[in-house]
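In what comes next, chain A is part of two complexes: it sits with chain B in the first one and with chain C in the second one.
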Partner chain A sequence: MAPLLEVKNIRTYFHTQDGVVKAVDGVSYDVNRGETIALVGESGCGKTVSALSILRLVAEPAGKIISGEILFNGVDLLKLSDAEMHKMRGARISIIFQEPQTSLNPVLTIGRQISEGLEFHKNMSLHDGMLEATRLLKLVGIPHPERRVYEYPHQFSGGMRQRAMIAIAIACQPQLIIADEPTTVVDVTIQAQLLELIRNITKELDTALILITHNLGIVARYAKRVFVMYAGNIVEYGQALDVYHQPCHPYTAGLLASVPRLDEPRKNRLQPIEGQPPDLIAPPAGCAFQARCTYSLPQCSKEKPVLMQITPGHFAACWISQRGTKPWQK
Partner chain B sequence: MAEVVIEVNNLAKYFPVTRGLFRQKKIADVKAVDGVSFTIHKGETLGLVGESGCGKTTLGKCILQLLRPTSGEVLFESRDLCELSDKELVPIRAKLQVIFQDPYDSLDPRFTAMDIIGEPLRIHNISKGKEYRDRVAELLDLVGLARYMAERYPHEFSGGQRQRLGIARALALQPEFIMCDEPISALDVSIQAQIINLLDDLQQKFGVAYLFISHDLSVVRHISDRVIVMYLGKIMEISTRDELYKNPLHPYTQALLSAVPIPDPAVEIKRDVILLKGEVPSPMNPPTGCVFHPRCYRAFADCPKIVPILADAGGGHQVACLLYETSRP
Partner chain C sequence: MGRFIIRRVLWLILVLFVVLLITFILMHLVPGGPWDREKALAPKVIEALNKRYGLDLPLWRQFVNYAWGVLHGDLGISYSYSDRTVVSILAHGIPKTATLGILAFVVAQAIGIPFGVAAALKQNSAVDYASVLFSTVFASIPGFVLGILLIVLFAVVLHWLPTSGWGSIQQLIMPVFCLAALPAAQSARITRASTLDVMRQDYVRTARSKGIMESTVRVRHIFRNSLIPVVTVAGPELANLITGSFIIENLFAIPGVGRLFVQGIFARDYTLIMGGVLFYAITIALLNLVVDILYAAIDPRIRYE
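Coming up: the complex of A and B.
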């Protein structure tokens, strides 16, 4: 069966005073029905922009999707009219933003904000929408939903606002949910609650999920397949187990080595990745990671590596692993 | 054990909650820090973990007298800092420094790197002219920045580099104690390890003590010698690092540790997470008895009635939980 979503070679650039920022520079990935994938990477690597591009929510005129295809159920979203796209957002594809504080409307009740999508996409009346909103709030674990549905975002705590966001996202039973760092602003105990909730709901509704995060632990806990991004490109992807246990890109290996793990004996010293991510206005020639890579070859600074299959289903864009060696593996 | 640098006794900080526009009437207190005692030893790192709003930062600020505590003592060089006037505190502040969480907010955008790092030297009249410039250059070397960067402004530095500037500023006066308030939480994963290693190196070189405030339990385990777990203004558990992580006693600590995802899918698939019910209650109206009892999965009938005392549990481990209280005097 064809995948639910196929992102093909998209490029999203931002025009700034300093020059063109190539935030997403030729990224491809796919999501199957009901599957959870993760996009991992550090700030500025393009993971959020690549997801916003799917919904065509990139801020114009500064930002623009230059090229590529985004096939959702075989239809190219980039070719849809604004009205057609409007019908897609919230109904078929929805998003959970990072900060519920700024992404909820402060002057509308929570119930109204959940009902909004139902009224637009499902032609519900406000009354039915509010009833459905109450049911959804109960589903996402908010106590006293019949009262809470009439409250405003400022009356909700951070964790509860994020629960309300989840209710908005699932209201029209979309086929795909994009969760953009859904738990970065909440505490660990609330993070665990919210992620369990997202997992249970997506399973129950058979919804596909794109989980965007910088937290390698969350990815390990929730995603089956992982796409690692660096400087606007996907540098490695595959089954989570393969990527974590046999990283084929030195960046992935470096990230995994740099975080302390609670289940392993304490090390005396952490192994950081030295240096900083490159400037996306004038990216270096060749591999973007080359300057920070301990193992780089002469070829790395000349030619940009492309994604190639290293083992079945496991791809990496690295000249070193494409030669069949992985010097970072002990 | 090494000598004590700072001793905190029964420290409390209450913030009044007022109502009314013109004649403000106090209606309640937010007990941000409520009767906390511990010591910090020379050259050690004391980790302080807890969820947002549990009073970690307030506690740190009270130690440095950036906030004046409501009651209690902070002993440094056998003087109670809470009793000293602002003027008397100035020479002491040279020995007690701070690194803030957000390297974007805590550096003056109109100062150059040299102005920022050198400000403590100017305030305390330590050095002038060439000596001053040499000292700033030396500090830049120490934190791994190039000397030519001294003339740059904060916006020309990356997040990790800015945090290095903040560290250089804290080190300028060779302090005995630095409060590190979430120093890495605003940084990217690959940069975090760089800063942690730097803090480690500097401690070994200068023997400075850290209070390392963080919500990241894996990082706290890496950097700390001892760890305090706080919840709603109170200490739930204090222990040496290895003991705490091997044998967490308080149900809250156990839940916190189980909530931290481990970056390995093979491990995660086998793990059971203790999901805590609900959220942290408002410190304005804290629960009776043990403040953790409404969310505790091991609470029993006495928990809402009796306030547990932080008591010794053996092996350098103290815990405030009725499960471990055998008898009360």
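Coming up: the complex of A and C.
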């Protein structure tokens, strides 16, 4: 069966005063029905922009999807009219944003913000929409939903706002939910609760999920496949466990070394990845990670590596691992 | 909310008392008095006048008498408009000034807000540049210059409108426009800036991600939030317009309070000055209260305990 979503070689550029920022520069990935994938990378690597591109919510006119295809159920979203795109957003594909503090409208009740999508997509009345919103709030674990539904975002805590965001995202039972760092701004205990909630709900509704995160630690638990992004490109992807245990790109290995682990002695210091990501206005000629890579070969600064299969189902864009070596493996 | 309003009204009474006291002191600190004339009056006459109006009493007694009168709705007798009470003078002028002010306010917002929103939604378009240009021009031209230009054009050259006076709709058009120009320009600028700010907010992106109509996003999510700063400045603006403009009222020969008040100051007409200040203070305080109540209606984060 064809995947639910196929992102094919999209490029999303931003026109700024300093030049064209190639935020997403030829990224491809796919999501199967009901599957959870993770998009991993550090801040500014283009993971959010690639997700916003799916919904065509990149801030115009500065940002623009230059080329590529985004096939959703075989239909190219980039070719849809605005009216057809409106019917996709919220109804078939929805998104949970990173900042629950600023992502909810401060002057509308929580219920109204859940119900407005239902009113538009399911032709519900405001009254029915609010009843449904109450049910959804209960589903995402908000106590006293019948009262809370009439409250405003400032009366909710950070974690509860993010629960309300989840309620908005699942309101119309979409086939795909994009969760853009849904737990970054809440504290650790709430993070786990929210991720469990998202997982349970997507499982129950058989919804596919794109989990965008910079935390490789949570990926192994929630996602089936992982796509690692660096400087606007995907540098490695494969089954979550393979990537986790046998990273084929030094960047992935670096990310893993910088996350604290419970199964290793405490005396090991966390290893940061030295240096800064490259300038996306004028990216270097060879591998984008070359300047920060301790294992780089002469070839790395000349030719840009492409994704190649290293082991079955496990791809990496790295000249070193494509030679069959993994010097970062201990 | 009810308790909030009651408390604010109680505060208002205290504020008004302080305002009156300060005005009273300042008024008596200024050199000169109500009986100064080109040709000095005979000392006997001044003594008689002072006695008649109670100006021979110690200052504190004068103030107490005045304040007592105010509490009973008596603002005293004007010195320059012989034997007319200040209440009747104000009652004559306020309706005209208020009509002018409210009309100007409505015109200003009706022009300023839509222009500001249109400019923000189509940033860097012809509409935007036109709105910035007009708001800069009208914010910089003084009212009396604009008034004279209008009179020259519409009254002298085209003969479409009467030059001045009070009583017909035609006579209202030019003064209302002159008064509205500056607040319209300010409203347009503030609306544009706040709409641009709100458009970049995360919650607008959230609203778009729900797929709802773009018009709904604009009205429900953008417009309502962008109105908050507009309301903030609208209150003082309205107070300013209602209390009248000496220049515009003089230019168009409108017998409103703005003109009366300034004439009262020149004549050291103590009771008229106090009456005018009282009117200004009450208007500004009440409109600020209205703005605060409106605030709570627009923005649920604001609650008065």
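Some observations on this one:
Here is the rule we go by: the second predicted complex is superposed on the first by the 326 of 330 C-alpha atoms of A that agree within 3 Å, B and C clash if a C-alpha of one lies under 4 Å from a C-alpha of the other, contacts with A are read in each partner's own complex, and residues count from 1 in each chain.
As a convention for this text, contacts are C-beta pairs under 8 Å (C-beta built on N, C-alpha and C of every residue); 3 or more make two chains touch, one makes a residue touch a chain.
Treat the numbers as computed from the prediction; the structure is a model and nothing was measured.
Partners chain B and chain C, brought together by superposition on chain A, fit side by side with no clash. Shared-chain residue A:90: touches chain C; no touch with chain B. Note on chain A: of its two partners chain C and chain B, the one contacting more of its residues is B.
Of the two partner chains, chain B is the only one that A:272 touches; chain C does not reach it. Centres of mass aside, this uses C-alpha centres: at chain A, the angle toward chain B and chain C in the superposed model is 70 degrees, to the nearest 10.
Of the two partner chains placed by the overlay, only chain B lies in contact with A:260; chain C stays clear of it. By the touch criterion defined above, A:324 reaches neither chain B nor chain C.
When the two structures are aligned on the shared chain, A:74 is found in touch with neither chain B nor chain C.
Closest C-alpha contact of chain B with chain C, superposed model: 7 Å. By the touch criterion stated above, chain A contacts chain B in their complex at residues 42-43, 157, 159-160, 187-193, 196, 214-221, 240-241, 244-245, 254-256, 258-263, 266-267, 269-274, 276-277. On the chain A side of its complex with chain C, the touching residues are 55, 57, 85-91, 94-95, 97, 99, 102-109, 113, 116-117, 119-121, 152, 154, 165, 168. Against chain A, in their complex, chain B makes its touches with residues 51-52, 158, 160-161, 188-194, 196-197, 200, 215, 217-219, 221-222, 241-242, 245, 255-257, 259-268, 271, 273, 275-276, 279-280. The touching residues of chain C, counted against chain A in their complex, run 201-203, 205-214, 216, 220-221, 224-225, 298-301.
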